[in-house]
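Can you keep this structure in mind? I'll have questions shortly.
Residue numbering begins at 1 within each chain, and the chains themselves are lettered A, B, C and D in the order written.
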């Protein structure tokens, strides 16, 4: 069996120093499995905190890091029916989450946390753990879809599907927010984006944002956002990435029966200062925790990406596989705009 | 114009003493209005706290109290098309909430708080503020539907419609909870109910509860409830009436992608001890504030009540119109089981 | 009471000669009614066949013709809450169809057939029979929405809401088809259009059609359309305006579980040659008859039109109110492209 | 490798004589596969016409017949995660149809037609081709679920989910119809059933039918059914098994926006006498072809069967595996009531 290069997180006590680059065996394909030559990977905030031992969900060590990957099929098992050699694929984040609501077993199949991830030259995946990539995108672009894009899509389509003419609010310029902006515009919605800099505001407008609010200048931006909506009725969908500060404003901005999707925990929220769940009654709204999404949703999303030729926003700086640790440091330092990608092969 | 008897809340500073029983004019019908001879009314927790000045939503004084009523049409305006003299009707709680999501104007049309309510012999209502009553129910039974029953129905059908085989959890023996139990059983769901007494547990089982948990004996009842569900996956729909104590358990009981409907604030919750909205992410669930419901939902509900011959649970003690103040006292003392009703005419 | 000009169809036996232009009284507003100064009207195929006695649904004579209108509020009744003087409005086609499924009474409230329509200078309508117009459109543009646009929107959103990335097929260049094309593109869908001329094909492409098939050159266009869809899986939504010939091709083009919306009967179909309903089993698809749509859908649609600044395609030739009969003749001769409009005031 | 008994259809030209009973090898399990000791099978109309060469969908010969089966897991492949030895399972009809709309490849994976079916002592299936059986049912009862029950469930929940209080119409006493009756009653719906005999009418009432119409005595039963619905508005869901005669009546009975599910072709319909698809416009209704259903729907259905302790109606006469050909003859002669079952092991 041939060998390959692979990153491994040996344990969760050493931060990025725990990331080790070494030789490994290329795994064998089983009946329903597919060997993928990985071409690109992208990093998420989750990837950064796993080696720091701060990730609040299931992990297992040692593990190959990397939640997101894209590549090309080089071999298929004897009973694989939907993929063949040469197909371009992207990985599914929760390998076991096929459709509908996630269940407990599937919630323990996250790539790069429990199951070996994408920071290696080759990987074997169940056929059901892969989807055909978007045919309008490069491998690097496709590698940004499994976590960030799918979380955003799930927020917009997983509970109350977004309709043209509704209003979506996204916060900041992280991956999920930018995908949310792009998906919402492609779907005929109005988008309000928040940011802290005039420069980023320009980029958000170029991506199609109808309104951009500088949340440093307008501390009460939730009310401002509400006033920008048709008849001041409020925002239909909020992609909430922040924390207690943003949450308070999100409750001001939301429409009756609107949905606030909780998709992250970047803000390091003090549990005592975030709004309580009873506030959903006073605001007659819905709050939903969104944990990435199913393979079925990912296939729908890719269809939409192709039809609208949506291109993910990828940071100009792309790292090579052997530079993965530098990529982690770069992203940790918040030097990126959009998704941070690693060219694997 | 003939006169009638009517209760009025003159102001919000005098508690139940602020409830005054007096003579009033029977109002005239406009083109699209209907004169209803009210036959029954029922009380809600909301009705109790309005004269105490504790109701957190819009009010206007003086106002005829009574959120819920049922009666018979005695006269219709010249352009009324859907109702005629002799029709039995129930009142819609938010008179302006016709269908879909409630909007701001409609949220200010609650009977007995902003608009004159049901504790009077006659009332004029817009045709769109009435629905034909359930034809299998008495006027007293019909008078229990506008708030409690519709809130419960909205919780089960307003966002993610309940399906046969799913699990519903209801808390205690208040009106919303008992309707939730009855609706869920009629719809082929499994019902878990919580209560604090063996006697009430018996009644809950008679109403069809599949499992009853005594929350005083089992402080960790949320986990117990989860274990009772198929494959221990958790509860699909929780009707949350309580407060911070129950909320913590509800988060333990809920299934991934399940819905916790916030329908009350009985528990006098300390905002610092209730779960924060970010907990929806850790539990991958949805929390929704439910504010009664639309006329469209009420019509669907009545159809279901008729088809399944569901009879609301009404306390044995029924008061007459002139005894309304005693009824408030009786309910405040928590002497009732099920809905408390007042015979109006 | 002031007088105005109005068209009337005296009876259904005289074709366009039965259209009479005369003086009439401006009607009075009731409590819940609104007096509208009509500014524009647009014609539908339905309007043409009503005076010819060929319309298969309910009619009543004499009747003011005109299914579609737009104008400005000049007076409101004492109990109107949602509209005020100066508001721009469009008429709802089935005045009684407020939300959800249409019912039998509402199906008998079509403007210009049973209820007096838009070809007059002033009209009184129930508040619920009007919607605020799209604020990005002229009165003439708004007057094209009530029938054609809403039918199209209902087809796409009334049963299985269209999602970005899905495929929509529209036939020809009639009003419903062009709106379908515009709505689908705004919503991020792929659009396949059929037509019989290269010139019209160009116009369809300018409106955003991804693929245009000349059905005169490609008699088996249904299969061609299917091949153009992702993985050749077929079309998700077909707006079927035609008749037995097109239906046979639509069944070839449709995806499993796709929806063929039957929105017209232009083709003069021989019942013996159209596909039978059992063909839905062989093709595992759904066929739905679409009869315009509700006020709730119309409000959603207008929100989408505003958000995406969609402008209806209106024929270059616009008639004045006194020329209405010429407008009927012009449209009957199929000289138009897009909607044919009449400037009323 | 041990041997077993198995039926085989050698070709499609010999009718039931083409059914051959012989020895076969017990197949080996692959990585993601499961060896099932089949305990019961049940027959469908489809099974009868496959050996007669009359089945209009894909087949492949030789093939082990039997669309439906239930049994016990005796061995699992190394990568199976959701099933273990001893689990009770039922087979999925279209082995490849996991969730959502069926696609072309999945439509070619029907058991007993393309893929070897259930009339054998042992079978190997992909893990995804099995579901855990209903824990309240015997193997014989479970074996009736894969085609008939799931088709019925798909009709009621696959497009417009049935709600309590709606009206369902089922025709005759075939398997799909009886499941439809039972599911609808468990879900709180009103059920109208049609039959041709007083004796069967009694059985239908015992199963919960609210109304039974004898279609031989009441040729215009569609109108009768409509009158039986609340406010005469019509039936929400019709499970159409019949043919042109029943279809005409179904169109009379259906409610505006109601759904007629086409689930069979028993009536030997003359394509010229069935209603055309354009009739959906005149009746403002939807017609949907239903082809069994997905694994996701089957799991939902089993949850509902368990929660409501629904027991399939199985004909009193149960055959043994070696008598399978007699079972075919018995069913062909229409001697059965409910599902016809075969005890396999």
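Some observations on this one:
Definition applied: a residue touches a chain if its C-beta (ideal position, glycine included) is under 8 Å from a C-beta of that chain, and two chains touch if they have at least 3 such contacts.
Protein identities per chain, from UniProt: A, B, C, D = Polyketide synthase enoylreductase.
A quick note: this is a predicted structure, and the numbers were derived from the prediction, not measured.
Common neighbours of chain A and chain C (chains touching each): B, D.
In terms of C-beta pairs in contact, the better-connected of the chain pairs B-C and A-B is A-B.
One finds 41 Å separating the Cα centroids of chain A and chain B. Listed for chain C are residues 100, each touching two or more other chains. Residues 157, 161, 163-166, 183, 186-190, 230, 300-308 of chain D touch chain B in their complex.
Residues 30-33, 77-79, 81-82, 96, 98-100, 105, 126, 296 of chain C are the ones touching chain B in the complex. Contacts from chain A toward chain B in the complex involve residues 56, 100-104, 107, 159-160, 233, 243-244, 247, 255-257, 260, 262-265, 269, 271-272, 274-291.
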